[in-house]
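Structures follow.
The following pair of complexes shares a single chain, chain A, combined with chain B in the former and chain C in the latter.
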Partner chain A sequence: MRRLSFLVIVAALALLPVLWPDPYLLSVVAAAGIMIIAAISLNLLLGFTGQLSLGHAAFFGIGAYTSALLSLGFDVDLGFSSPLVVAPKPVWVAFAGGIVMASLFGWLLGKVAFRVRGAYFVIVTISFAQVMRMVALNWVDLTEGPMALVSIPPLSLWVPGEGVVRLVSKASTYWLVLAAGVLAYVIVANLVRSRIGRAAIALRENEVLAKSIGIPVTRCLIVFSVLSAGIAGAAGGLYAHTVRIIDPDVFLFIYTITMVIMVIAGGKGTLAGPVVGGLIFGLLPEMLRGVVAPEVQWMIYGALMILILLFMPKGIVPAFGGLLKRGRISVRRPSATQGASS
Partner chain B sequence: MDQFLQHLVNGTVLGATYALLGIGLTLIFGIMKVVNFAHGELYAFGAYVAYALVSLLQMDYFVALILAAGLGLLLGASIEFLLLRRCRLENIDEVMLIMIGVMIIMQNAELLAWGGVAKVVPTPFPQESIIIGGIYLSPTRLFVLGAAIVLLLAFYLVIERSRLGLAMRATFQDEDAARIVGVNVGRIYTLTFGLGSSLAAITGALLAPVFVVTPTMGDLASLKAFAIVILGGLGNIRGAALGGFALALIEEFGAAYISTAYRDAIGFLVILAVMIARPQGLFAARERVG
Partner chain C sequence: MTVSAAEQPETLLSLSGISLRIAGLQILSDVDLRVEPGRIVSLIGPNGAGKTTAFNIISGYMRPSAGSVHFLGLDITGKQPHEIAELGLVRSFQRTNIFGNCTVFENLLTAFHMQGRSGLFGAIFRLPAFQREEQALEARTREMLGFLELEHRADDLAANLSYGEQRLLGVGIALAARPKLLLLDEPAAGLNPSETEDFKQMVRRVADSGITILLVEHDMHMVMSISDYIVVLNQGHRIADGGPADIQSDPEVIRAYLGSGLQRAKA
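Here is the complex of A and B:
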């Protein structure tokens, strides 16, 4: 039954470009979709392992930059006798490279950051994203710094009867993002129902107890960190090849916060939460555009975040999810899950 | 050698203000277990108060300094009273996110009110530098150093010698025990948040004539304050004061001898290095929280 409703929703979303072929609408939804994929990846850490990672934009940015640079080709002087020259790679290879690179950094950050918990963990993840932003800004030879990377090639796909198609039209971008989003959703859904997923939920609820029954806590957290970073990297790659211009602003703290708001508002630790929260906070800016100044829009974001945390701390999906109760795999979270140290 | 001493002096001046910023943040964390992401925004708030009073209303700079501290106290106390009081028992992550919400609102309010263009606050001191033994020091910076040291000492006296400080330290050690002996913990929280915010605001007002005032200055200040507090160990006040000087000196010498472009990255690298080597902070005697 649940699988059926999932397929119906996906089919309805897939038909949107046919039923409502408005390029503006499609591009807005596709942009929201990329952020939803990022939010889904953040939910792996924030929702299922209970670790508030506030450096998530870094993985998005690393995926975007790696994928863009590999597809454009680059040469960089690393201080050896000859500079490192990389010829442009096929776009899909570059895209995969972005995912691999983001996962590697997810592993690295996991190794460092999971030595600590709570406030320390949060500050380490923020610092990591800030260092990445500084590198993107200042390593001009490689990243072009604030001048941005431009003319990034789009992804292309072989379609029967049409040959190789460059995915540049609004509808094809939309379908691409939708396909990636569904894939990310399915991966996460299967992951959290797997053995390691249940282990992660156990350690979220009580880390000491989880450890005592033999869950390898740190290893479990690092696996989640790698997967989460990889999916965020894929979202970054999609961003790079659909928007086709990136600058160091992709590392800004405010993008991490956007992802966090999406997850918290929708309901952390639920599968549908990031999607629901992502649709609301992905489309809200477009509705507010022209009505209020961007600063006011951000102030509304901040106020909404505070209100949701104060009055609906579990998020929209659990609050309105009584009817769909069977779809929930989140366990009610006691307030005292802090304090467990590594 | 002169170069070295010059950097040492510059780093010390900056360090005194970093120390002020750091102890405000660490005080709030130590007593309330709140990671105050809006700390840098209160610093920016102080700078904008100085700008509004001195540049726009032609007020005396010293009066503006005192008003910045007072308004910072009021604003901080109101944030505590209106928001944090409702969620004291919630977990630390949720409080962190609420403070991020406050940060976003404050920063964009500044942007809305004053625009993105950097503002200049005129200094009441003469422009030409004093030269002592080949080291240049502008009177403004000298005043900043003096004022910061006076404030650090005053803060130390309040914490160590006053009844309020005693109640704060008692709450820090054991909230329930403090309540039993008659400490009004709610009021201590409000005063703690107000005092920490006031320190941030007066630091912003002190530095406003040295640097320029921009809406994004709070971001960097917040993150530097975190670096300082991590260096000293979260909740460790003496550690934060030392951490302030340490970070400023590391930045100053790092910028001078390694790379200016990565000056602001140094604080974050310090955080990462401390986390790898000594997660409880360099100067920590108390156990860490978290």
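Here is the complex of A and C:
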């Protein structure tokens, strides 16, 4: 049942460019989709292990910059008269490199999370993103600083009958983002409904108790932050190769905040939460554009968020999931309380 | 004195010379304790005697200033809680004993963590081995629900259970970790008399299934009726040990702790 509705939704989304081939619409949805992937990755950490990372844009940016730089090639002088020259790599190799680099930093963050929790962890993550932004701004040899990295090559794909196609059309970008999004969603869904996923939730719910039943809390946190960072890095790579220009602003705090809003409004700790939240808060600014003045846009944005949190403090998905009786991870059990819902 | 507990295989758990000082305060001083397999051992004493601290040291949540803890002949002093749990020494907690926002079923399924082997790869790709293991764990979870008599609550959030049921679930979570030695920290606190009676029966059933139990409890009626052996702590010192009858007649124990409680225990 769940699987069927999932497939129907994916199929409907995949048909969108055919049914409604409006390039503006497709590029808006694709841009929102990239943010949704980032939100899915944040949810893995915030929603399931309960650790609030306010530097998540850093992984996004690291993925974007690494992927862009590897595909463009670069040479920098590391000092000690040892120049590092990297020739341009195939785009998919660069993309994978971006994921690996982001994961490495995720591993580092997981190590830190082992030592500091709560507010301290939040501060560490904010500082981390700020440092990354400073590096991107000031290491001009490598990143071009505020002049931005331009002419980033697009991803390409071999299509039967057509040969190698550069994914530059709005429709192909849309499909690329959709495929990546579905992959990220399935990975997270499978992960969460498994032994290690339950261990992470146990850590979120009651760390002391989790340890007492033999859950290696540290290892669990590291695994989740590596995966979370990796997926965020993939979102960053997608951004770099579809927008094809990146500047240090990708590290801005506002992007992290946008991800957090998407996750919290949609419902943290639920699978569909970041998707629903991401669609609303990713598409809303574009939908309001031209309808109302820009200042009013942000007021509506803010008011909507407050209303959601006021009336649905756990987020949209749990609120409606309660009505539909399936917001939670379901377990096959003969239930005595079925049919009690309205 | 210098005989290591490790050389005596009949001892499951032994504490030798355990002391703990925190900022000039002597919480425990030179406490020895021995738990033989297959028994129900109780640790009693007035509030502040150091009972829960002793539990924290045994289960790895605190590190003693001096002394050592041996379990199954291994020195486990200073090991991480999850490492100690892996060896088969599992505890329950006074208060924080459930995963509130998960269903009862999920609580127990989570607690079977150590009985699983599947990793990241199997989970993401839903490999057949992973699926088999999940089914096996779910079957065991249902079994445990039956043992706890909580089947009718399986799909309810643990936070919505009654207090007595939450305590029961807490023990179930500890049992799911397959302990050889189970530490129960005031399991009957706050239970009404009939719940306490049910709880006592369950502790018996657990003990009969071959699990050794170390119990901290204030309900003297329960302690005296189910313990094989009792150790009394007072102000960080061990002041007495022996069978229930010996303890009830020990003048120092009566003075320090039992007092009027003795009458209730005999009633």
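Quick note on the criterion: the second predicted complex is superposed on the first by the 300 of 342 C-alpha atoms of A that agree within 3 Å, B and C clash if a C-alpha of one lies under 4 Å from a C-alpha of the other, contacts with A are read in each partner's own complex, and residues count from 1 in each chain.
Note that in this section a residue touches a chain if its C-beta (ideal position, glycine included) is under 8 Å from a C-beta of that chain, and two chains touch if they have at least 3 such contacts.
A quick note: this is a predicted structure, and the numbers were derived from the prediction, not measured.
Engineer: For A:212, select first, second, both or neither according to whether it touches chain B, chain C, the two together, or no partner.
Structural biologist: In the superposition, A:212 touches chain C alone.
Engineer: Looking at the overlay, does A:37 come into contact with chain B only (first), chain C only (second), both, or neither?
Structural biologist: neither
Engineer: Which touches a greater number of chain A residues, chain B or chain C?
Structural biologist: With both complexes superposed on chain A, more residues of chain A are touched by B.
Engineer: For A:202, is the partner it touches chain B (first), chain C (second), both, or none of the two (neither)?
Structural biologist: second
Engineer: With the two complexes superposed on chain A, say which partner A:194 touches: chain B (first), chain C (second), both, or neither.
Structural biologist: second
Engineer: Could you look at A:293 and tell me whether it touches chain B, chain C, both or neither (first, second, both, neither)?
Structural biologist: first
Engineer: Quick one: is A:102 in contact with chain B, with chain C, with both, or with neither? Answer first, second, both or neither.
Structural biologist: neither
Engineer: For A:223 in the superposed arrangement: first (chain B), second (chain C), both or neither?
Structural biologist: Only chain C is touched by A:223; chain B is not.
Engineer: Residue by residue on chain A, keep only those touching chain B in one complex and chain C in the other, then list them.
Structural biologist: On chain A, the overlap between the chain B and chain C contacts is residues 335-337.
Engineer: For chain C, which residues count as touching chain A in their complex?
Structural biologist: Result: residues 59, 61, 80-82, 85-86, 90-93, 96-103, 105-106, 109-111, 113-114, 116, 118-120, 122-126, 130, 133-134, 137-138, 152, 154-156, 173-174, 176-177 of chain C touch chain A.
Engineer: Can you list the residues on chain B that touch chain A in the complex?
Structural biologist: Residue positions touching the partner: 29, 35, 83, 86-87, 89-94, 96-98, 100-105, 107-109, 111-112, 219, 223, 226-227, 230, 234, 261-262, 264-265, 267-269, 271-272, 275-276, 279, 288-290.
Engineer: Tell me, which parts of chain A touch chain B in their complex?
Structural biologist: Per the touch definition, chain A meets chain B at residues 52, 112-113, 115-124, 126-128, 130-131, 134-135, 138, 253-254, 257, 260, 264, 293, 295-296, 298-299, 301-303, 305-306, 309-310, 313, 335-339, 341.
Engineer: Which bits of chain A are touching chain C when the two form their complex?
Structural biologist: By the definition above, chain A touches chain C via 187, 190-191, 194-199, 201-202, 205-206, 208-209, 211-217, 223, 227, 328-329, 331-333, 335-337.
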